[in-house]
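Below, chain A partners chain B and then partners chain C, in two separate complexes.
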Partner chain A sequence: MSQTTSEPTTEPEPQQGLALGAAPGDLLQRLRTAVARRTEGRAVALLTLVVITVAIVEPRALTSYPVTLGRIALIGLVALGLTAVILMGELDLGVASTLAVSGVVMASFESLTVGIIVALLGGLLIGVVNAFFVVIVGINSFIATLGMLFFLRGAAFVISGEQPVRVANADTALQFGRPLVGPLTPRILIFIVVFIALHVFVTRMRVGREFYAVGGNREAAYDAGIPVVRRVFTGFMISGFVSALAGVINAMERTAADPTAGGTVLLASFAAAIIGGVLLNGGRGSIVGALLGAATLGILQVSLTLSGVQVDVQNIIIGSVLLLAVISDPASVRRVMARASTFLSERSKPQPAG
Partner chain B sequence: MNTRRSRFVGLLAAGALILAACGSDDDATDDTGDDAAAGEDAADDAEIDEDDVVGDPDGEFEVFALLPQGNDQPYGSTYLPPMQEMAAELGISLTITNSQYDADTQASECEVAVAAAPDLIILWPAVGDTVRPCLSAAQDAGIPVTITNSDVNPEDEDLTRGYSGPDTYGQGVASAELMCEAADGAEIGIIVVNGLTGNSTAINRREGFVDTVEAQCPNVTILAEQPGDWNADDSQIAASEMLTAVGPDNVQGIYAADDTMAAGAIDALVARGLDPAEMIITSIGNTFLGNPLVIDGSLNGTVFQSSSWDGENAVTLAHEILTEDPSERVVRFMPDVKVTADNATDADVAPEW
Partner chain C sequence: MSEQPTVASDAGVGTRPVVDARNISKAFGGVQAVDDVSLAVVPGEIHAVVGENGAGKSTLMRTLSGIIAPDSGQVLVDGVALQPGDTRAALAAGISLVHQELSLVPEMTVAENIVLGSTPTNGGFIDRREQRRIAAEALEEIGVTVDLDELISRLSMALRQFVEIARAVARKPRVLILDEPTATLTPAETDYLLDMLQRLADRGLAILYISHRIPEIFRIGDRITVLRDGQHVDTVDVADTDPDAVVRMMVGRELEATLGEHREADPGEVIVSAKGIRAPGVNGIDLEVRAGEIVGLGGLVGAGRTELVRAILGADPRTDGEVTLTYDGVTHRINSYGAAIRAGFGYIPEERRTDGLALTMSVTDNITLPNRRHLSRGTILERARIKRFAAQLADVVGLRPPDVSREVGQFSGGNQQKVVLAKWLGREPVAIVLDEPTRGVDVGAKAEIHRLVRELADDGKAVLVVSSDLPELLELSDTIHVVRDGRIMGTLDRAEANEAAVMALASGQTAGTSAGSDTTSEVDA
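What follows is the complex of A and B.
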């Protein structure tokens, strides 16, 4: 998407130590600076708002936490992979189709193990192809992945013969949907593992931290000697792999792969990332933010369903939350305030006598 | 349930306004708790808006209805009101979801429903092949499940207590009988426009039609078949291609698996300068689109699928399971009423969707 945004790389900064011996003023200033650098503030506020409301009105959404965690993992897994691409200022519109085709590919094999391996490798390959079109051919990622979206959706229909494909070993697949550790199902456990792995990758590893530089200012990243092409390849491969993983999990849990799967995944995963403070232009955001966004959406959806709110009204509420997340961005607020101030000051200037 | 829902929406709206008014992220949460509590008190005293009532708030039974469509589809929008009215009449409090034909969303909604521990779950499968985990989870939790509109696969039937809805095979049979009656023993060639490939309704309707034609009127020959994907435009293209392939002079009839596709096929005939009234055309649905075509003679006959019957019977079957606890699986098929020019204007077959 945006190749040369001027947004500085602000995430993740090494944690500024708050020296014990610092003066109170200094300490406060450092704390404010540290908080200002984070991008998850809005997500935390929204999540807190939602959790408090739900705790009062529909506490079953919290007491039935395995169900809510399952919904968060359903929304969040793809969002985590997508965040890796968005951090670099790119988009991957093919995530839902990758999910669908991966499930179909996995279910097409007699052996679950072989099917899973092929499906996951397929996800990586899809990421490579996406990245090739974006950084080698030079096609805008919106257009390149839009094409991939249609291609993969069609491929899912062709491979499946336009009907759901039952997993060969349905009994094993059925067990996959059952709790493995306490109330946690394999989906939730895998989600936790992916979250930790990606969080560590983008905050603790040089390769991951360079995603922010690529997204924040690509020209500067080139000048700094960062292998931008390789980083973009890595990002798309992560997104493809995680989407394929989600497809495999879905097919296992449902005991069948549906070529139409993932109809709501694309928008939900983008919404989770945006609510989590991930800037679509790249350079800002975090994996934690995407998790918070997914948690907000997941808790909201489960509690609205438990409360019997119709899907139309649910969409209005979720859309409002999304809009709220966007318009309450401090940068947006500052911009609006500046424009209002300019407008008012111009109005208050004395008009030339005519 | 409804008080809780009104409260919830109100609180979220109030919270959203607070957060927006703050204009920054850090102050919002401080006020939320107080507002939420205040909102709850207010909501306790609030009257329930009649428009928001789903079922009877004091219902004897709590039932989750997991549907793949609702007011977003013509069929669903005329399925829901009779369902809700019948629920209110029978003392059932309904919680209705709409997965928009996303199997993963419906699976997640099923988990929510099982966690809520209702007295029964009504399921309209978004994708029939993917519902077994949901049915197993409900069975493990001791929650009976009834199926509406589209039955589950035979191997999953033992996990459900009953089915109400159209007999999709029987609909194909009825449409074939209309075709046979209209052909009246004459040797004719027809083209067939099927529904979406792989869709269970499309498969069953086709089987019912083909089996009946072969058994009852072998004088009717199927010259070509193509899917029209439940869509008028695709059906028009499919019919046009088949007319070209087999030659328009060889075609004396068309069977389309629903009225929308019949309308598309009729458009294809008109575009070629052929008169639909001179052909034998049968379909299924008796919709707002199909019924006028029967009246004007373009469509020889269609089979009535009543969305109101479907919605009502989903609830009456659930109530029967809850109150009578029958030992056998109950199957209640929608009557396959044939609609021709003779009865198309009768009130009892007035189109509903």
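What follows is the complex of A and C.
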């Protein structure tokens, strides 16, 4: 019917009738909008707070920065890989076990090069198996990777004969722990490279960017024609590979692979991601955030250790910081304040019996 | 490919159909969702698909867009059969679906969402300039201005709806399918959307339009296909029919003449009293609801009505104000949601999926959730009594099918809403608050819900209703408070209330020039 009615130039004169979009506003307004769109705000605030406190209380943690950087790289590397998985709304609890088993596998080979290659390929394979259980079989990733956590830790003990395994070419390995560029050890350099690569991957590349769609609204991702299954495989493979890389680095630095390695890494890497504003449900967060979270934790740990604070007390402090990071978003603060005021006003008035 | 397209049976417009769905059938479990339905759409046509909830509209549309594969039948695009159950193939053939449930990614930008699934790349890297160009072009085509770099999570529901449409348009579709696109829009936004669709159709796009809102269909539709219980009832030209006839075809029976018929209101004592209520989005509101009275809250989406009722109930914290519930000579002060429920409030929230129901639990469990105390001996739940109780309530609200052991998630929207109602009726509340009680609910269920609400008031309960559906608000309410910017802008009693008066107050326009104009609307971001 509408084809016969040829209305004279009632064409798309862009009707600005509906004032739906906000006007761009001035520079300050634009800046405020840009900040509001970021997810790392709290991580920046927390890191600033920690750095200032540490600068006053324990400045050695900042002056001896190679140590601190090493610590950040240790926590951070695994956290970066983990973030790729969390962005898709999945979990990988197997990261620490992957770290341990890949170190042991690497050390079991006569040739360092072969060992490294096999260990890294092993990490990719672990990612494939995880993803298979999660998206092909359809097991919740918490459960699937919990299984992996136990399986791989056990495997690390079996392969190593429950003993630390010396790395074959100890001299080369020893070199690995030394600074390469200025004060930067290979561990720190690798961490930086992985950070840049993953950051570019999830912000600039289509495959990585679609992780956000998979995690933010999986059904929408399917409907839009995004190959969700392939994306989940990619994510778990990144996590597996990066964890294996961390395991190789650990074994190289210590010239021996310990099957108990990485005991604290699992929770620390999750903590780093969460502090960095990465939402466990997926779809929200950034690689930069994970880096900031790792930096916060690393600086905190080093300064507490240098101050001679016991490990148990350290854990209490780190736990508090984690909770602080999570509840300190403006919405939560407002909610708590409002509840408190309602609660108090309720108390101040005598209530008739009901 | 091999099959020669037979000339479509309807030669009415004299054009070959773009999409020709033939004898589509699809069953879920034992339920025949779509049963041998055929549908053809020609270029430039706005083809409305109507039917009650559960009539099979959404299933049919999801089949056309390749999200689900039919059990039998096929979809032809330009005479070529489409690979069933392949969204990419459907997209490539030019079928673009705008979902009922918004399918945008909240933490991605407007531009990214518009190109999602077909992001332009250059050696694996996103071609941002091209991405912005495509997005800007699509938005311009529908005549909406949005910051391309804004995150979806920071946009209003209305804007998200328009971005969703821009996304469908960006795919250069030949057929655009819209599933209840106006459900969350204000009247002005709806006007705008309908004009926009008309423009798109005038340029030769074929549009399949699903809606419960009959007036919209009669305004823009060319033809109407009516579905009932998964079957094709009829396809008629809009020019040859009228709203009553369409409703009759949808429900397959005459609706009891409830529309417009007012109950004799006989308000008693003040039961609910709220004074000086302040909360985020609520700026000092007083209101009272008497026994046997239905008080309606009108206004635009985002005016602060939901915030108001939640603050009254203590479901969200108040910054100031006092609420009391008085009956049987006792006054209960309400300072928390728990206190509200204990004192005798019932609350049917706006988002029944998230706030009102446990979708994976049975109807029985959902109904008895707030009624456990009087259904248990000590701490032990009495199963037989619970079942009887649930079945009774299901009967009162007219649940269909009346199977209380089924999971709530398996019922249609209208029936889910009845479960929410049943759940609260079981507690015999003295005051009941309903927020958008019939949004997304079909005509039949809507009439039943209205009947129930009126019965509640006749029973002497105090009823507070929030509704953006003007006819509903006018039909149900004894008194209407119109809310804007968290304040009551005016109060209308039954005699003086009409659509124009409510809209004038709601939109802040002077009375008389309000209805239907699309010049301004207030949408909160």
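In this section, the second predicted complex is superposed on the first by the 303 of 354 C-alpha atoms of A that agree within 3 Å, B and C clash if a C-alpha of one lies under 4 Å from a C-alpha of the other, contacts with A are read in each partner's own complex, and residues count from 1 in each chain.
Definition applied: a contact is a pair of C-beta atoms (placed from the backbone, for glycine too) under 8 Å apart; a residue touches a chain by one contact, two chains touch by 3 or more.
These numbers were taken from a predicted model, which means no experiment stands behind them.
When the two structures are aligned on the shared chain, A:Pro164 is found in touch with chain B, with no touch to chain C.
Of the two partner chains placed around the shared chain by superposition, chain C is the only one that A:Tyr212 touches, whereas chain B remains out of contact.
By the touch criterion defined above, A:Arg32 reaches neither chain B nor chain C. Residues of chain A touching chain C in their complex: 1-3, 5, 7, 12, 14-22, 24, 33, 36-37, 39, 204-207, 209-210, 212-213, 216-217, 219-226, 283-284, 334-335, 338-339, 341-342, 345-346, 349, 351-354. Residues 13, 15, 43-46, 67, 87-88, 91, 97, 99, 101, 103-108, 112, 116-119, 121, 124-126, 140-141, 143-147, 149-151, 154, 156, 158-159, 162, 188-189, 192, 195, 198-199, 201-202, 204, 222, 279-280, 314, 316-319, 330-333, 335-336, 342-343, 518-521, 523, 525 of chain C are the ones that touch chain A when the two sit in their complex.
Residues of chain B touching chain A in their complex: 1-2, 4-5, 7-9, 11-13, 15-16, 19-20, 22-26, 28-29, 32-33, 36-37, 40, 54, 70-72, 94-98, 100-105, 107-109, 111-112, 114-116, 127-130, 132-133, 136-137, 196-199. Across the complex, chain B is touched by residues 35, 41-42, 44-46, 48-50, 52-53, 56-58, 60, 64, 66-67, 70-71, 74, 160-164, 166, 170, 174, 177, 250, 253-256, 258, 260-265, 302-313, 317, 320-321, 324, 327-328, 330, 333 of chain A.
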